[in-house]
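Read through the structures below before going on.
First chain A sits with chain B, and in the next complex the same chain sits with chain C.
What follows is the complex of A and B.
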């Protein structure tokens, strides 16, 4: 529908502008050329899909097809349903609990690597050891919890052998517990890396100064290291919170389809071919995530931290 | 060297447990994939055999996993090359602070943090409405790029923030053209980081699930195939498959790390000619 519009060159308005100092236009032009592939990909596969979702969220669906329309039916249904509120609450709950665990584990690991390992080779080796799982399949990593947590899994057998329990625990697999465990397992990395990165850039003399002035190890941690590590913590937080809030597959797999979050709400609608309803939920999810990020970004300037 | 404080040992133990937590499950399914023929999804092992691996190669118990593997591999290579080229170009662009660079940067960050299912759903809808065929090499390819490119770009930022500009200036002072400066000075210096970008591009694509879910069309990639198996396969054959793909990932990572290490070593040997002149 808008094909004729997109044919207009993007730089057309530039020609009308008053001439700029010569260096600036040349620099801009080269910059635009070099950034063009990235821009095109993001326009086609990020911006356009979001626009499409927003449009479709106002459409209606029959059993077999979706019909262009401008109706608020999907949103009315969404906000009018008890399920929506419960599922959003569950999503926040997963995000919050996962955040607390990944932050405390990730911070401790990064702290150990940055301040207790003295040789740089060792530091790199151990850091890689922590990051390698990131490059392997999430699905496989989820599957690999089954022999641990199942009814006759390693955890239950061990606890029974030790005489701690008589009956196998049922809540180990297919429960909130296993969902959060998998989240922590998959995403702690996203905390370790940025926190480690900021810690490595802390000037060691600041820490020495703190000790020289009589601060205890704990006081140094609290008043020197943590404040200086805040940007890394924020970046890790953004990663973990958005990954957990947008997830649908971990919750489905690790809860055996017994628990729900917003992502699953969307994917269920998709499975039923209710695209407009899925799109409306997706729009609300997107707004929620953006608000959360907006709040978090007030604390950090990402571009400076790389 | 001073004695290590007691906190070191506590933290070291914590770190050890963390590594065990990271790798323990993977190792467990590695062991269980050698389960005997009568064995199930959990311990005890009923004998040791290669039965489940053999099952994988017979293509009856499972779907078209070798086709899926080939597709994932091809897609991984496509995404890898594109990610490297596009990230380097964008990285160079961002050094110039061109008009609109701030907006593009936030777009890239948005691409990273946006829930994957939105990309999947949106791209699927667009292709449907435009009457285009959904295929892993078109819609799937584009969707995966929205995940790998931001990582590539962030790495390029990290690289160029640490880049010593005096090398470039020296090259230009000696009469190199802009292209020569990039080709013979900048690219060789950042080459090891480009390997990092390539590693991200390939592995993230190879394992990508959520963004490919609705954009792969009728031919599944490997992660989609594996996920499909989780609902109807209840034998250790799925562990065997998991073990094989994980081993494959490890081999890829190992190859990249080895190349980086090898390049660094060669560079250390040949890099400087200090002291060789006068």
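What follows is the complex of A and C.
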């Protein structure tokens, strides 16, 4: 009897809080284990390299040696140089102009695909058609512009044959024009895809409702479609801006090494084995791009799209 | 009979390639009445509504509102407004901006359009939620906003495309009461598409039953239910038996069938308790006959499936069908 009496109160509190002790630890552990592989991959391939770059950016270098150190020399040189500011401005200019063109082309294409093509088969077929150029490498696509745009290229010859110009146009190749043309060609699809994706999720009855409420086609575009497509536009913008700001090869090829952007600054430093200087530039570029994306995300909430 | 603001369909036809969705429909919707377009899916009722709204082009015929042909006008110039099945509220706009949308499109300034919007929201009792986004509202609340948005254009005909189908059954009954009240207060025509005959009977001043792209029967709810013209109407309205007798085909209301000794001999096949009454299905030869028996009467002399039963009815309650 006394055994059972003392037993009861001892077992009561245990029964009162059963879900907590052993199960929750097990579940937490399981959760951590499930998150571990991706965490390790990200640590090894994303965080560690960036940390490395940041560390190296504080080292010093001479023409023939690299000295581990903690010095602001690289940054002082970077921010003190007129070249840096000009090159950053050029990079922003490329990003801005490319963004404007890819957005207007991408939005138009996505709008056409999403709202004017009725059958889904046709939508998919046309969408795949857009991706065909992407079956070959970036470099090939860039280089194939050169015979087209060159001094005696197809474009100049055709224009001359038509009598529209007397002299070949010099600015077609190895100019800002050709760089931006290549950027737009390379990256428009990155704008089309997210915008198309968002547009396909717009309930078609909303368009009808706008029409029913007396909105013209343009008013529907302005007051219904564009606001609802903003997240897609933002995702496309992030793609294009980061790609253009990080690019160096397009600028080199299409400008015939006559124009510069930040990517080329870094690539030149690397070619000269000035790794600390390259690392410092890379850190500044990374921060710049992050700030740009941070500003963009203040405007539009893209979480719904992810 | 004819009043101003009547809506008239004249030889209205809609073709999609070779298929005909609406075939040569003629009908007059009297001003200020609550009309239900009733029919199974694919019968052409939604297409008819969408043609009236202007969201579907008219293949042949015309739509007259107050004597003017509106069938080629854009939706907003017709004097009609539509409430969509899924409500189609703009998810990026607040409730107030949703209601004010059509006024904004007309270029009315902000203060004036917000004033009208708030009046409409007050009418549907949604004034206190004007700042919310549609996603923050319940289904019933969204429905009221959609209603306010349609009414803010001051239409003379409001078109409702299955307005209650997205609501749960209890809410549906409450909302249909509100719809009817609103229609009476505003005194405009409501044309309400539905496939639920109970909804149509409860709401409609006039029920228009459609099947296979044509109007099968139109009339007051009592006329249509009490005197179905065709077998389709009798079966679709429910609560009717269709019986072949003496070479003719008759409709007989299930609540007119009595279980009695000495009637037509039949065998009970299904017994369903429905609360206030019991639905007894029996086999009379090859035909199944449904009898709705008051609960107390049934349990005074209960039957089980397989039992023999006599079915009796008043000959005067047989209603001859034309097709």
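Methods note: the second predicted complex is superposed on the first by the 261 of 306 C-alpha atoms of A that agree within 3 Å, B and C clash if a C-alpha of one lies under 4 Å from a C-alpha of the other, contacts with A are read in each partner's own complex, and residues count from 1 in each chain.
We take it that contacts are C-beta pairs under 8 Å (C-beta built on N, C-alpha and C of every residue); 3 or more make two chains touch, one makes a residue touch a chain.
Remember, it's a predicted structure, so these values are computed and weren't measured experimentally.
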Query raised in the report: Put the two structures on top of each other at chain A: do chain B and chain C fit, or clash?
Result: fit
Query raised in the report: Looking at the overlay, what does A:227 touch: chain B (first), chain C (second), both, or neither?
Result: second
Query raised in the report: When the two structures are laid over each other on chain A, which of chain B and chain C touches more residues of chain A?
Result: B
Query raised in the report: Of the partners chain B and chain C, which touch A:282 in the superposed model: first, second, both, neither?
Result: first
**Report entry** Touched partner set for A:52, first chain B, second chain C, both or neither
**Finding:** first
**Report entry** Touched partner set for A:212, first chain B, second chain C, both or neither
**Finding:** second
Report task. Could you look at A:81 and tell me whether it touches chain B, chain C, both or neither (first, second, both, neither)? Result -> neither
Query raised in the report: Of the two partner chains, chain B (first) and chain C (second), which one does A:258 touch, if any: first, second, both, or neither?
Result: neither
Query raised in the report: Which holds for A:203: it touches chain B only (first), chain C only (second), both, or neither?
Result: second
Query raised in the report: With the two complexes overlaid on chain A, what is the closest approach of chain B to chain C, counting only CA atoms, in Å?
Result: 6
Report task. Note which residues of chain C are touching chain A in the complex, please. Result -> 53-55, 74-77, 81-82, 84-86, 88-92, 101-102, 104-106, 149-150, 153
Query - In the complex, chain A residues that touch chain C - result: 203, 205-206, 208-216, 219, 223-224, 227-228
Requested in this report: Would you mind writing out the residues of chain A in touch with chain B in their complex?
Outcome: 27-28, 30-39, 41-42, 44-50, 52-53, 56, 105, 108-109, 111-113, 116, 118, 126, 128-130, 132-133, 135-141, 143-148, 150, 152-154, 157, 185, 188, 217, 238-239, 242, 245-249, 253, 263, 266-267, 270, 275, 278-279, 282, 285-286, 289, 293, 302-303, 306
**Report entry** Residue ranges of chain B touching chain A (in the complex, touch as defined)
**Finding:** 1, 4-5, 7-8, 11-12, 14-15, 18-19, 21-26, 28-29, 32, 41-43, 85-87, 89-90, 92-94, 96-101, 104-105, 107-111, 113-119, 121-123, 125-126, 129, 142-143, 145-146, 149, 153-154, 157-158, 161, 199-200, 203-204, 206-207, 209-210, 214, 223, 226-227, 230, 238-239, 242, 245-246, 249-250, 252-253, 257
